[in-house]
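Just passing along the structure, written as structure tokens.
Chain naming follows the written order as A, B, C and D, and within any one chain the residues start at number 1.
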Amino acid sequence: MSGRIRLGMVGGGTGAFIGAVHRLAARMDDRYDFVAGALSSTPERARESGAELGLDPARSYDDFTAMAKREARLKDGIQAVAIVTPNHMHAPAAREFLKRGIHVICDKPLTATLPEAKKLARAVEDSDALFILTHNYTAYPLVRQARAMVADGTLGELRVVQVEYPQDWLTTPLESEGQKQAEWRNDPAKTGAGNCVGDIGTHAHNLAEFITGQRVESLAADMHTFVPGRLLDDNIHVMLRFDGGARGMLWTSQVAPGNENGLRIRVYGENGGLEWAQENPNVLTHSPYGEPPRTITRAGPGFTQTTGTRVPPGHPEGYLEGFGNLYSEAADLIEAHARGETPETLLPGIEQGLRGMRFVDACVRSNKRNAAWVTL
Amino acid sequence: MSGRIRLGMVGGGTGAFIGAVHRLAARMDDRYDFVAGALSSTPERARESGAELGLDPARSYDDFTAMAKREARLKDGIQAVAIVTPNHMHAPAAREFLKRGIHVICDKPLTATLPEAKKLARAVEDSDALFILTHNYTAYPLVRQARAMVADGTLGELRVVQVEYPQDWLTTPLESEGQKQAEWRNDPAKTGAGNCVGDIGTHAHNLAEFITGQRVESLAADMHTFVPGRLLDDNIHVMLRFDGGARGMLWTSQVAPGNENGLRIRVYGENGGLEWAQENPNVLTHSPYGEPPRTITRAGPGFTQTTGTRVPPGHPEGYLEGFGNLYSEAADLIEAHARGETPETLLPGIEQGLRGMRFVDACVRSNKRNAAWVTL
Amino acid sequence: MSGRIRLGMVGGGTGAFIGAVHRLAARMDDRYDFVAGALSSTPERARESGAELGLDPARSYDDFTAMAKREARLKDGIQAVAIVTPNHMHAPAAREFLKRGIHVICDKPLTATLPEAKKLARAVEDSDALFILTHNYTAYPLVRQARAMVADGTLGELRVVQVEYPQDWLTTPLESEGQKQAEWRNDPAKTGAGNCVGDIGTHAHNLAEFITGQRVESLAADMHTFVPGRLLDDNIHVMLRFDGGARGMLWTSQVAPGNENGLRIRVYGENGGLEWAQENPNVLTHSPYGEPPRTITRAGPGFTQTTGTRVPPGHPEGYLEGFGNLYSEAADLIEAHARGETPETLLPGIEQGLRGMRFVDACVRSNKRNAAWVTL
Amino acid sequence: MSGRIRLGMVGGGTGAFIGAVHRLAARMDDRYDFVAGALSSTPERARESGAELGLDPARSYDDFTAMAKREARLKDGIQAVAIVTPNHMHAPAAREFLKRGIHVICDKPLTATLPEAKKLARAVEDSDALFILTHNYTAYPLVRQARAMVADGTLGELRVVQVEYPQDWLTTPLESEGQKQAEWRNDPAKTGAGNCVGDIGTHAHNLAEFITGQRVESLAADMHTFVPGRLLDDNIHVMLRFDGGARGMLWTSQVAPGNENGLRIRVYGENGGLEWAQENPNVLTHSPYGEPPRTITRAGPGFTQTTGTRVPPGHPEGYLEGFGNLYSEAADLIEAHARGETPETLLPGIEQGLRGMRFVDACVRSNKRNAAWVTL
């Protein structure tokens, strides 16, 4: 159908969790046509996945370089590509598309290592194409609401930030039991120097910076590997100092039983506090100092966002809708780009990706020095 | 793309809440192509909406009869149609498609009146096409889980059912203030003899029967119209007797401030209780008698459903995903139908639609007799 | 110590739950000395209980008539007596003290039958002494707050009242297993014509009238006995019509697994709603229509009560503190009475006791007529 | 009445919050008679308070030394004394009673400084009398339950401890506005080197050690003073390493709007997690790994404690009841002491007091070294 953006995908063959999420997010508001892919690094699996997903066989590629080359030449070639491989392949894949002017929507964390990230940043700078990083939690409507309330001074000067992201899926040595995602995440060559810190720590860090509008200036990190035989961290405690004067704590864990996907943030300023939790994301608690706490619901009274929500209050939207917001705002940007416009955006991009990698790097450096303060 | 079901829509022009929901639900799992519509009863608005939604102008119709006739003749005509008009138009529209063998996915309540409903039921019987009613709340994963736990005897013999569906959007006389949806819902000619009872009471009734596997045998209803000048009910209290021996209460309201879309059900049997609330739908509380209550999460420990969920536990799914489940299961049914198969399904159909209309009719009859018991 | 009120007790020997609660409540704010008792209808147990509780043996009586006679003659005889026997003994015991000018603090429900209640009411009228009924839930600070907010018009004209009181302790036939309290509660001679309705239904009814300031004018009740062999009701569904125009529903149950002491009330008016639940009683939710719901905490912002709370917000008070409020306010009344004053009070008395018995009686009458509406 | 323990009090004149709490806690289970006091350091206020509280004027003292001397000589002198002065007076007062064999129940933190604490510890060692510190939160029934579940291996080896204690009462410079408690708490001479860390940080630290059965071995602390003009800390972030291998984070704040008294702890081990929050203390969440989380209620299914609870599940107990548990267990100890017995106890004493002061001292030392790790 005319008007939709032609989208390709690298990685995300059938069975991969996050690839399916990206495709669904792209469909959410009907802004994309998914038309090409290099869906696996194993050619046979790539082709099978393409067939299962209904791709034209001529546009189901064995490798991303071939895909980038050919799609760039096609009259109706893809305009954007989603990159959903393990971390270490993000940069090589992204560069192939960026240099051919194809917009990139890339999974987080940006790369496996900070040097790779810097190299990718240069590639983004050198390209006219857009680069969008799927820090999806920043696109939940009430996260946007929280950011707006901080920005408009509702809380006054910020003092304290408490952010946490506990999970429990790695409580046991799942990586030794053939679970594919656990396997590559525990492989430093594919994941980088930190697993828990990179996979979910970067989300927590990004969310804190997004809502507060302040940047983590320095941190002190104590990283742990609790499960015997594991190579990378599965729990991390961090103290934060923000450039705007706020002080914070950040906890992420993959070994905290009872926590499924417990991203939660609390922000306190001289005039009030805000609290939001991802698992029940349609609610934001605002506590003006000296007044009763107020429950702001998505699209309900007190909600002032004008985008990013599809159904009336009380009809819960969640993870997929938030992810869909990223894709739909990316579509807006891509269309504006085609018109030669560069509108302001709240979408995370290369800068947020680099900051995330600096966060991981700083945690690892601090941890090696017994949790000494290091700057980002 | 091959493999998708060709879908049309009657009603649901741009600006209509529920039409957009149906289209998004149809896209959710990529099982449908939306290709034709008679999107408004006003021809001009119908055409504008079709254009905005990217329909081929030749398949954007002024009225549903023309659409049914032409699509039935097309080689690639629609296989299914979604009907999302005001209640009184459900039956006339549905019949046009049913008699031409086009499957119908129809919004609830079934019709505006019980006689219409019976007439439509005969049309369904006479047709080879499928008829599916979008009682969407029965497709939430944890509602399915609750039903399964009742069915497998986890609660023992059922005793008490408490179901409620409070909202607050009609606390003031919104229908006098130009709000379009409030207007037609307050018009007995379009809505039928009950507004609150038909719009959301039927959901509560349907959910109770779905989870318990019992049918409401008789009821006593006290209906109220609190807002001055309003023509139809905006609050209703009902006592229920189920055919399996359970006893219950049902409350729905559109004038309960602080309740956005508060559908909630609690079921108690001799061995335990279950509780589920639509506004935080990823959680089901199971209280085995004499043991600590357990929190079952969507896709988490204790969850035994194998379909209807897309992302891991802790990544909240909500209203649109539940609605999407209906559409995707309808796609399964439609494909099976094409193969000549008639698999079992949990999807609501004409029977549930008729029961809903009998529920509305019984409430109105009981209320006229000062809440005397009447049978359904 | 000088200044404390001398208190006696009828019933409540060691092992009895509610007797210990009354004594603790009397101690809560140090307003009473517990100095005499007829603690059991079994003389030996009465004496043993008195000894265990440290009573002067001369003031540990075998029966309440002897106690009333002697204490009335003593220079330092009791000024007030707490009556905590099974229901059928409330009235005979109370009359002995009332006619001797000793104030009575009586457990609820008032009596086992309505005629007894009326007879007791006449005794109260003929006596100069005070009569206080321990509908303790009306003395929680946030229940008082709710009442005040209704009274001052915060909600506007009331429309809907939803009150419920589910428990689960009689899910199995506990009365056949030697549990003493279950035994007498299942004995119509001791309990009256309703068990669940009398024991906890009266609390729910009383709470609804207390907060709304309206009186139940008529009701339709469906009573159930789910556990085989049980003589009295263990679940009851009631529809309510209030004299001020509000409409309501009331549910009480002793067979709802997972509910320990689930008294909860929701009140909705044209301008807002209120919600309070006994199990987490330090929180009251106020939902002004069109604004975010607000969480009012005991002693926190928005709390306007000046009595009935002992510790700062965030330090939870509960059941015993609420009960203690009744006793401390009774002490205020008793001291005022001694000064010849009759201050206004929110304490429940004979009128509330009578209304409770009329409620029970109406439920039983309505149920016998298949839940027809009956007036109280 | 015979059998009760004769109790005196130092500090806690009328108007002081914590003195009234101690007296109520002592009355809770009727184990004490409050008979003597040096209720203020201002003689006139001491006498007025004694009169208001009904003390015999001969036993309402101007200073605690005179009180200790005279009460020790009286035939019916006090057996125990509660010390509820500002921190810096705890030690001098306690020593006067300890050296005369009078048991001491002392408010926390133990002292204003670590040297004072050590000196007091020697005085306790030299005395035959008991010394009990009111770390009251360890006496909540479900805190005891949590400790028991850790001790019996329910969670397996512990990994992560998250404890926090946010409040908001010092969000503004209350100490400059004449609030008495805020005044002395902000005075280093009376409070010691840390305010937030000493007042509530010690509670959080104590709770973590109590439940885990592990001791904080080292910590890294970042302390903050957000309110301009304030002399002492009002927020503190700490990373913890426990001697049993667990790692943790501790946050306390007095400037976090919306938090009234938000003590909360989460403990995770290889087999499961536990969560408890003081503001709704009748609930403990237990998440066995791989099973649905279970809600254990005070006195409900799964609760295995045999003491410390007075009313059935669903009848909330709170702060005062928990405090009362400390007093009642202290009464048990005092009676056992009189019989020459020294039973095991969970009551906090001088060791916990010393550990608390070492915690404060370590935080201050670490903070001075830019949050370097220091040992306790």
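Note that in this section a residue touches a chain if its C-beta (ideal position, glycine included) is under 8 Å from a C-beta of that chain, and two chains touch if they have at least 3 such contacts.
Because the structure is predicted, anything quoted here is derived from the model rather than measured.
Looking at A-C and B-C side by side, the one with more C-beta contacts is B-C. The chain with its C-alpha centre at the largest distance from the centre of chain C is A. Chain B and chain C have centres, each the mean of its CA atoms, that are 43 Å apart. Averaged C-alpha coordinates put the centre of chain C at 35 Å from the centre of chain D.
Averaging C-alpha coordinates per chain places the centre of chain A 56 Å away from that of chain C. Counting partners per residue, chain B has 259, 290, 293, 297, 300 as the residues that reach two or more other chains. On the side of chain A, the complex with chain C involves touching residues 286, 290-297, 300-302. Looking at the complex, you find that chain A touches chain D at residues 159-160, 162, 164, 168, 171-172, 220, 222, 224, 226, 235, 237, 239, 241, 247-249, 251, 253, 255-259, 266, 268-273, 275, 285, 287-290, 293, 370-373. Chain D contributes residues 1-3, 17, 20-21, 23-24, 27-30, 54, 167, 169, 259-262, 278-282, 297, 300, 310-321 to its touches with chain C in the complex.
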